[in-house]
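Next up: some structures, all given as structure tokens.
Note that chain A is present in both complexes that follow, paired respectively with chain B and with chain C.
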Partner chain A sequence: MGNGKTNTELIAKSLEKRHRRQTRLKYYGLFSILLGITFLIILLGSITLNGYTALQQTVVQISVNISPDKVFDDNGNISEEVMYNTNWDGLAKKAFRQEFPDVVDRKEKRKLSDLISSNAGYDIKWMVSQNPSIVGKETKLWVKTSDDVDQLLKGRLTVNVPEEQRRLSNSQLKWVKNLTDKGIIKKQFNTVFFTSADSREPESSGILGAIIGSAIAMVVTMALALPFAVMAAIYLEYFAKPGKWTDFIEVNINNLAAVPSIVFGLLGLAVFLNFFELPRSAPLVGGMVLSLMTLPTIIIASRAAIRAVPSSIRDAALSLGASKMQAAVDHVLPLASPGILTGTIIGMAQALGETAPLIMIGMVVFLVDIPTGFTDAATALPVQIYIWSDSAERAFYERSSLAIMILVLFLITMNLLAVLLRKKFEKKW
Partner chain B sequence: MTIDSKIQVRNVNVYYGNAQALYDVNLDIKSKEITSLIGPSGCGKSTFLRCLNRMNDVIEGCRVEGNITIDGENIYSKDKDPVLLRARVGMVFQKPNPFPKSIFDNVAYGPRIHGLAANTTELREIVENSLEQAGLMDEVKDRLNESATGLSGGQQQRICIARAIAVSPEVILMDEPCSALDPIATARVEELMGNLSINYTIVIVTHSMQQAARVSTRTAFFHLGHLVECDETNKIFTTPNDKRTEDYITGKVG
Partner chain C sequence: MQRFVAILPIIFLSTTLFSTEVTARNQIKVVGSSTVFPFSTIVAEKFGKSTKFKTPAIESTGSGGGMKLFCAGVGLTHPDVTNASRRMKAKEFELCNKNGVTATEFIVGNDGLAFSNNKNSKRFEISIMHIAAALAAKLPRTTGLEDNWLKTWEEVDQFVAGNVSSQALVGLPNIPIRVLVPPPTSGTRDAMSSLFMKSGHKKLGTYSDVGKKGAAKLREDGAAIEVGENDNLIIEKLAADGDLFGVFGYSFYDQNRDKVQASIIDGVALNFDNIASYKYPGARPLFTYVKREHLEVIPGIKEFFKEFISEKALSIDGYLYPAGLVPLSDNDFKKESAKLTSFPAVTIK
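So, the complex of A and B:
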């Protein structure tokens, strides 16, 4: 009771100060959250702005008349061999040049041909094999333009610089304008991006190969990491006698979770590739390395989930004469499984975004084929982003942004799934 | 040493790490009657109870010294499996702890893991018989497949008792089984204990002296880790030998 004031007066006086302090702290917190959200929006926004254009690909209409002897054999059957010997590339370019009959100079003709994709010939071959009825008559086909034309029409090519610093010459710009005026050039949905693997040509490159590579690696990671992690967690929680050894193991599991992922890549390189001589670049090995990396994360999550199950459940089982293993498997694991699953999904999401260890074991490869098995050479989603972001062509830049969007989409989906599962199976005690 | 004592406890000392929880406890528990353990909080009565089915084994750092025999067999000897012991000595806990499964699965769990039923018909018989003995059959017979956690607290506790009975134990340990129940549910459980004592040896830890007086034939008083005295319940509550017992039951301490 200082200064002759009563306790109530003293408390009332200090109360105002305390309230101010609380309000201030509240706003600090709010500010931090807003700052975080702002940067997230900027990040996702810039990626989206860079990447959404890759959803479309520019195509140009050409008129071709493919003579039957380039497709069918003597018996009139469609023949791989005959088609193999046909110069599809020349056919495509010739058909395209028909749009500009006044271009006769050899150099100019080459420049004109450069406006369509150098894979346009393969595209026509593929269209023919899908639909041989287009052979032997004048047919209008849409083929992909080169990536420079594509970027020009998407407004991503700088044109107001001197000709020699430009990807497209004056005459090429003029021809593109002509095509636009004729209305035979358009943008359409970029199906190729979602149905094929990588390519030297941006317009023919896709993400599917990398997605499949990632998926195979994830299957391996899950199949290896989950059972081992759950068994380790049960052992540590139920059987390990407390002591120096257990402490040592515990500390090291926590340490492992903090080891930089590239170290796991080096480990995989030294042990799996060099010692066990497993195939290089294979998603099997990628999955093995990633499972080593996720193992500690899942162990830690599983132990927390097991510990969150009230000991009364375990006691009830033990008091009935269940062995420790029966108590764990029959009662604790089912109750802990949502937590374990959540931890697993978060661990898998981490693994999905991991690049460095995959580079170490050779999954950074240029592949035009989609992997079909565990030991096929494959690349992974983040590695594909890394490869594309390193490429010179402007069109790969937007593709790597779109690939990032897809990767982020996968990650958000996985984390959302984890949250939903937790919500659904959460038990109140 | 009387002939009809089911459990004999000799010179039992219990330690939690370096702290001693029980000092030199000697006690005989008679067959097919109810023995109450009373005493102030922290006196070691629950610790003592958990010695009888070796549930202390799962507590980290807990060490039990001395001899406890059930039917003349030392339950702490090296060749004794605690799993087998716990099938013979059932336990009911302070807080009702049914498994988050169906009522049927709760009661059937013990018989299932021990292989007590040859087929599903037999299992069903065991479950129904146990629920009958626990006085719960009429209340739950139409919802055996519903979750046991949806029952009331008193019903949950009787499920736990039925679950313990289903293994046909010889001894049932009860650790303050009514402390989380209302007076009506308590009365039902107490009545049930009376019926069960015809077939089972029951040891109950309780905070309520009235409950001890109501249900038990014999009462043991614990104080600060020592077993002060154990005698007929009537005698403990009317003419105890020890001053500490008298102080506790008259409400002067504790």
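So, the complex of A and C:
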């Protein structure tokens, strides 16, 4: 050695440096993970902080006396016809104004009425149809307040600014305080959010319509994507002869998996809507578009799962006289199914969170009715979030955050299920 | 079993494609402007709750997108109604004609374009000339048309005062021009092009230089920032950045008065009265169009319009007023509600 050191000395000297390098690398990795976790916590934390208040809805107690001729027909039966002709809105507002008999000015009266939800009347109608015994006597009912009062009591409304820049006027603030002092205004669990579809009034809007829309679309996606993907995977693994064609198909499948989802939306618009003339905004079309999008993901996962089954199993089946198809369907497929299932669930989770392709086929739509079939107009969970985040009313902000929390919960559940299934059924050969 | 597995996808495909022939639709489908969307949805919800008809499904596609879908044809797969924050264009009318679509036009109310910035920043008192000069793609110089070279509001102020002798300096600050504007598919953008840009160029005396097309063109060097149809996003950005400006409809301004302030334009503040009287230069009517061919086919369309074009909805005591819709004058309202009996076809040249 030129500088008079032995190999051992050189190695010993470089060893320390190499160790330092390794430690550095370790900390770089650790730092990246910590950074990722920090951002995740900030993201989920801010969404939760914004959204958890939507779990509660402010209600106010009013005392109404509904005369029977507004509900029952001449024979004394509860009648839809009669109820349609009743001015429920006016009834609710009048009942609420009784709390403040000293307000007489027309403008002030109007401001007072604005404190309760403009859907309060329809809520009373619904309560009556559920429980007709409240008709004909003085009854105390809890009805929803307007979104502005709700936001005020949740501390989300700035009050220390001049009156004309505020959503609530001085007198309105005074009335709300009065109600609070009387103890007839309270916050309760927001059941409406989980039992209804969209509404223009934040206090009447819910997520159920979107969840059902998503569910219908997912059923279609699953029913289309899974069989096609498994068939394609079996063909590619067992029947296709290696060659240029197979390579070409394989490259294309991998490419499709990386195509931006909006492209599938455009495809859906051109093929399903314009050519096949399927209805716009239908979850059937949504599911078809999403299945195109998830197909490559599931094919790739299924091929990997099939390939992971040792060839000895197939060879054994074939040598005992099974046909290629028998070997594939009866022996390989059952063993590969946990892997296929995992891939499917992950693909479905991806489809569940997708908005872009649904915009193109008209699923970004305002709907008050909950969809009941494949061709009904429907929206989907992520789309609902998009719609709410675009609404002017402040109260939709917390509702879109809560909807995000629900969507994330669904995704976590699905991904967890995929992990658990893999753990449970995974076979080591 | 095996045979079943093999034909499963084929069965499914054929059932989905052929069993879903569009059966009679009993839900009204509405598309169109995102500015009219909030009003249209409120009416739809009231309509659904107070009648036996289904609540209409309403999509927010932008005025241009809505017209394209609306005029695409007659039949159950095509929408019945489209909203627009500007009148139907002659080109769109031709497309409708070609596809056998005739429409009845209703004006549902008025709106005003807000030119706003953060509440804590200086409130601008400007003219539409300043907006036009700040956002124009090209402006004339002695040597001819040139790409807009104005970088700050101060420079805009000097340019306008230098070009128009009657306009004194208004004292705009030395901050860079950055304005959030709606996308080209939006009717709000069309209204902005005609009310702020074209009229601004005319007042500025640059209209003949830039031409009709050039007057509507916005600069593309980053001073005019195009954002999507999400007006809440604009509000959020204005709240976070004191030097930014944004252009959006009155209803969003009305809901966010505690965060943003509207500039005073040509000496007129953006408020309810100034829109109703059309004193405010950014005031514009809002439209909705119904497909006459569908009137007798889809149940509830006529009733839906009776709900929409009613005093209950549109007047100053109506339920759309709190949502930010500026009502029509009594005369105009009478004109619109008279259309409810015959649903006359509109002609646009």
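Simple rule for what comes next: the second predicted complex is superposed on the first by the 415 of 429 C-alpha atoms of A that agree within 3 Å, B and C clash if a C-alpha of one lies under 4 Å from a C-alpha of the other, contacts with A are read in each partner's own complex, and residues count from 1 in each chain.
In the analysis below, contacts are C-beta pairs under 8 Å (C-beta built on N, C-alpha and C of every residue); 3 or more make two chains touch, one makes a residue touch a chain.
Everything quoted here is computed from the prediction, not taken from an experiment.
Participant: Label the relationship between chain B and chain C on chain A in the superposed model as either fit or clash.
Facilitator: Fit: chain B and chain C sit side by side once superposed on chain A.
Participant: Of the two partner chains, chain B (first) and chain C (second), which one does A:A317 touch, if any: first, second, both, or neither?
Facilitator: In the superposed model, A:A317 contacts chain B only, not chain C.
Participant: Touching A:L335 in the superposition: chain B (first), chain C (second), both, neither?
Facilitator: In the superposed model, A:L335 contacts chain B only, not chain C.
Participant: In the overlaid three-chain picture, which partner chain does A:L416 touch, first (chain B) or second (chain C), both, or neither?
Facilitator: neither
Participant: Pick one for A:R166: touches chain B only (first), chain C only (second), both, or neither.
Facilitator: In the superposition, A:R166 touches chain C alone.
Participant: Give one of first, second, both or neither to describe whether A:P242 is in contact with chain B, with chain C, with both, or with none.
Facilitator: Touch partner of A:P242: chain B, not chain C.
Participant: Touching A:R394 in the superposition: chain B (first), chain C (second), both, neither?
Facilitator: second
Participant: Contact-wise, after the overlay, does A:I41 reach chain B, chain C, both or neither (first, second, both, neither)?
Facilitator: Neither: A:I41 stays clear of chain B and chain C.
Participant: Counting residues of chain A touched by each partner, does chain B or chain C come out ahead?
Facilitator: On the superposition, C touches more of the residues of chain A.
Participant: If you stack the two complexes on chain A, which partner ends up touching A:F366: first (chain B), second (chain C), both, or neither?
Facilitator: Only chain C is touched by A:F366; chain B is not.
Participant: Once the two complexes are overlaid, how big is the angle at chain A between chain B and chain C (Cα centres, nearest 10°)?
Facilitator: In the superposed model, the angle at chain A is 130 degrees.
Participant: Applying the touch criterion given at the start, work out whether A:P279 contacts chain B, chain C, both or neither, answering first, second, both or neither.
Facilitator: The second partner, chain C, only.
Participant: How many Å separate the nearest C-alpha atoms of chain B and chain C in the overlaid structures?
Facilitator: Once the two complexes are overlaid, chain B and chain C approach no closer than 13 Å between C-alpha atoms.
Participant: Looking at chain A, which of its residues have contacts with both chain B and chain C?
Facilitator: The answer is residues 326 of chain A.
Participant: So in the complex, which bits of chain C are touching chain A?
Facilitator: Per the touch definition, chain C meets chain A at residues 1-2, 5-6, 8-9, 12-13, 16-17, 20, 22-23, 25, 27, 29, 31, 34, 37-38, 41-42, 44-45, 48-52, 54-55, 57-60, 76-77, 79, 119, 229-232, 251-252, 255-258, 317, 319, 322-324.
Participant: Spell out the part of chain B that touches chain A in their complex, as residue ranges.
Facilitator: 53, 55, 58, 60-61, 83-84, 86-87, 90-91, 93, 95, 97-100, 109-110, 113-114, 160, 163-164, 167
Participant: Once bound in the complex, which stretches of chain A touch chain C?
Facilitator: 80, 84, 110, 114, 118-119, 122, 158, 161, 164-167, 199-201, 220, 223-224, 227-228, 231, 273, 276-281, 284, 288, 325-326, 329, 362, 364-369, 374-377, 387, 389-394
Participant: Quick check: in the complex, which residue numbers of chain A touch chain B?
Facilitator: Interface residues on the chain A side: 242, 310, 312-323, 326, 330-331, 335, 427.
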